[in-house]
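Below are two complexes that have chain A in common, paired first with chain B and then with chain C.
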Partner chain A sequence: MSQNRVDEYRRKFVTALGGVAAAATVAPGFFLREAQAAGEVPTRSLDQAVTSEKRWGMLIDITKLTDGGAGMVEACKKEHGWDNNPLSRDDQKAHWARVVNVKDKLTGHSFSLPVMCQHCENPPCVDVCPTGASMKRADGIVQVNKHICIGCRYCMMACPYKARSFVHEPLTDQRSYSPRGMGTVESCNMCIHRIDEGRLPACVEAAPDAVIFGDLNDPNSAVSQALKAMGGKQIRADLNLNTGVRYHGI
Partner chain B sequence: MASQSIIFRETKQGKGFYILLAVLGAFLALGALSFFHAEHHGHHVTGMNNQIVWGLPHVFAIFLIVAASGALNVGSIGTVFGKKIYQPMGRLSALLAISLLVGGLIVLVLDLGHADRLIIAMTHYNFKSIFAWNIILYNGFLVLSAIYIWTMMDRKAKGFYKPAGVAAFTWRLILTTGTGSIFGFLVSRDFYNSAVMAPLFIVMSFVFGLAVFILVLHFTYKWTGRELGDKVMNRLRYLLAVFIAGVLLMELARHLTGLYISQRIGVETFILRDGGIYTQLFWVVQILLGSILPLSLIFCRKLKDNRLALLLAAGFAILGGFAQLYVILIGGQAYPLTLFPGAEVSSDYFDGAINGYTPSVWEIMLGVGGVALALVMVTIGVKVLRFLPESLSDAVADPHSK
Partner chain C sequence: MTSKFSQVFLASVLALAALLAGCSKAPTEADLNLATAKQKAEECVEPENVIRTKHMDMLMHQRDATMIEGIRTKQHSLKECINCHVSATKQDGSPLHYGDKEHFCTTCHAAVGQKIDCFQCHADRPDVAQNQNYQHAVGSTEGHHFTQGVTEAAAPTTAEVQMVTQPQQGAAQ
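Let's turn to the complex of A and B:
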């Protein structure tokens, strides 16, 4: 309860400060709109709570990715600064996203794709977390609340996609909008700071021709339309996790 | 409760007591040093990584936690199932259970990325998490075991002896179910996600707990000059054999199931045939040294009433149990996650590769520190309170009871 009050206070404070209130009166709800080929993210007014009306997701067309998604991974690195682990061994370094090369053993068919948190509707990492630090926001974004993560790594045991990293060393030069912490677990958060500002995630911006981002709950959104037309496969669909990240061409 | 002739006494003041405490204290200090080192520098000083996220500390911790619930069995057999010969050992059984659990939990907690946030683990609960349930189960186990000890030590509380024993026994079965389910509930890992993990861990706890109990009982009696007869020890001897056979049966069912389901053949053949150190640990240490050898030592006719053979059997059962947990924990993580069944995968982040793990000295120190803490608690416990019968000789232990 008290946390809600703090949030409420903060929202009011920010609203008053930034003069956002005026804009909100003109167009309550979505008063800014960023529309691109890669999808769209309507800006949420700061006094509006995140609801489950929306569910963010993306479709990655790997047939249009010339680099297998390496550019997307680089953009993610740059945005969140997770490649800054000088003391860690290679197997200890953080990876919020990576390019995976796949080759079918029988047919020899091969492809590459970027793999990051798949933002499951039923995330195993959220189920197993003892404190609730591993959480799914109402709009479908799965992330870690680093304030209450105790660093037990059970979520890393549970994730089918190896999407999570544990921070093995003290950190410097952090991004103010994407704080990390030694001894806590972290992963792709769909650039939640960007989404809240009405911007597209960094990886989507880096590959606008191959990725469509948007609201999976809105049948008219670009991503929903594309999924309806092209289909969109899940990695490990057999686990029935209903992922928010879908692929075309795998 | 116990036979009339059973008298409980604290162990005597002596040089040996302080020497033992000093030795254990040294290991405790090393454990503390290890914690502060990793806490200050981060986990990059350990052998654990983002593939093998649970390492040697977890093997130690889970061994101690599983052994804790098993150590209580000796008391439970006396209280719940009314076997009189076990009843005099009930107090030590519950003390050992508490000590092993605290030793295991301290390793688990001090390995956390944020051990300083233990209070959060106690105040923020996600009730869908078996880990959160385990926190409640561990705390409840400590409380119930303490109450159980109280009903055995305080004549006024004697009326609660049976209910307390039944409650502690029931709770411990649920607790080990919870510990096994930490692995059983992992949907994405073919080596773990199975309901058999819960009963497997229960039978494992019978073995680990009893083996530790046998060693602790023998050495406390030997070092304090008390008499410990073969009647008692032979009961424990054959019980250990039954439990070891039980684990073998569960393991057989688990691995056969894995070999039958084609989705799991990859990880099964890795563990059973191609896994290098894990395969060796499984066949040589867990099965041969940890199961077949103790069974042979127990059932060899020439070694009947041979105390050394029993102690070796218990020691090898512990070694085998440790190897078993190492194979389950580390071996299970060493095998890569399956992202695309039937395909070869590769990346710059160890996809499709067998994950490497070499424990650091810090992890060994932390784990051994937990063992030392458990033993310190037992050593001090039997010194300050009346946990041990003065004698468990054949005449005193009442061998003709049921």
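Let's turn to the complex of A and C:
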């Protein structure tokens, strides 16, 4: 329903731009622009269990991220409040998402990208968890069920993306929608609380020009269309994890 | 040996009975600090005798349903208990936390010697700055109480609809 309104708005916006000389510059990025910030409001009623009918994912176009993803990371920090660990050493601090700088030593070519949980279809963190706390929800979201997490941190070791961190100190005044506490592992959960309400993840909202979020199982969703048109790479594709987070421009 | 066992057994039965008695004997309202909730609603999400004795089971059930299946009904949601029952600050304006004697969940747990770890992670008071509109009235459009199991998804608020339909900062550049 609101999807249509988004499209309507975009269309107006793109035609308006087209009238001016900007048409040529807009065209290459057309797909992304048309679909940007497209949230797909779930039709699911909240008393129904999620199903594997949908698989949530996103495409991040790093050529459109002028800050290398720092804005997305900030938005995440603000949403989940994971910046409150003054007692922890730097290498212990929470990092649900971080900016990774990559440089090719041979050519000197460098770029930055935001790296968070890649929401693998076959997540190694779930394989190794002794309690079942590290889990993949039916709709593809990988998260920690902290209620049964014993803090062993096997999942942190298993994750090829270094996406998980461990809470080393007591916390107070957490966000009501994002409980976090000492002794458990945590990571990006794609803003599961927002998705369930039909809202976009905080990082997607913070970079609407560069990220498309949606249902990877639906060939007509904005994100599937964009992936079809532009490709979209997985980090460490060699591991065959079939990640839900894809990148363009790396 | 046997007599020792029966002694211990008897002692624990007595202790349990005392505990149960403590529960069924209605503690006074002042003890429980029900004022905050009563400002917002007439009654609880379950009849009083049910919520008193079964809230732990309901919370545990809801916990798994939310984590594993993504079910987010409000009736047995921990976040909603806190939103309705706990005010963000004490009377002197300082933050109210679990463990303070005014905190609704503490009042009873202190009396019965119950320890819970929920608030090591969960917010023990409503986050007012984040979400000013948490104090919805029962029977409002969000009407989710007393409809056990058949709760409809809460309609998105105007602000939320806008968030999805309107361009965010940067979108129009």
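Descriptive notes on the structure:
Heads up, the rule we're going with is that the second predicted complex is superposed on the first by the 209 of 250 C-alpha atoms of A that agree within 3 Å, B and C clash if a C-alpha of one lies under 4 Å from a C-alpha of the other, contacts with A are read in each partner's own complex, and residues count from 1 in each chain.
In the analysis below, contacts are C-beta pairs under 8 Å (C-beta built on N, C-alpha and C of every residue); 3 or more make two chains touch, one makes a residue touch a chain.
Since the model is a prediction, treat every value here as computed from it, not as a measurement.
When the shared chain is aligned, chain C comes close enough to touch A:197, but chain B does not.
Looking at the shared chain after the overlay, A:233 reaches neither chain B nor chain C. In the superposition on chain A, contact is made by A:154 with chain B only, not with chain C.
Looking at the shared chain after the overlay, A:170 reaches both chain B and chain C.
Residue contacts after overlaying the shared chain place A:44 against chain C, while chain B stays out of touching range. Using the contact criterion defined above for the overlaid structures, shared-chain residue A:137 touches chain C, although it does not reach chain B.
In the superposition on chain A, A:182 makes contact with both chain B and chain C. Across the superposed pair, chain B and chain C both touch chain A at residues 170, 182-184. Those residues of chain C that touch chain A in the shared complex are 63-65, 67-73, 79, 82-83, 95, 97, 120-123, 125-127, 130-131, 149-154, 156, 160-161, 163-168, 170-173.
Chain A contributes residues 2, 5-6, 9, 13, 36-37, 39, 41, 44-50, 135, 137-139, 143, 145-147, 170-177, 179-184, 192, 196-200, 205-209 to its touches with chain C in the complex. Chain B makes touch with chain A in their complex at residues 41-44, 48-54, 112-115, 117-118, 120-121, 124-126, 128-132, 134-135, 182, 185-189, 333, 337-340, 342-351, 355-356.
If you check the complex, the residues on chain A that touch chain B are 85, 87-89, 91-95, 98-106, 115, 124, 126-133, 148-154, 156-162, 164-170, 182-185, 235-236, 239, 250.
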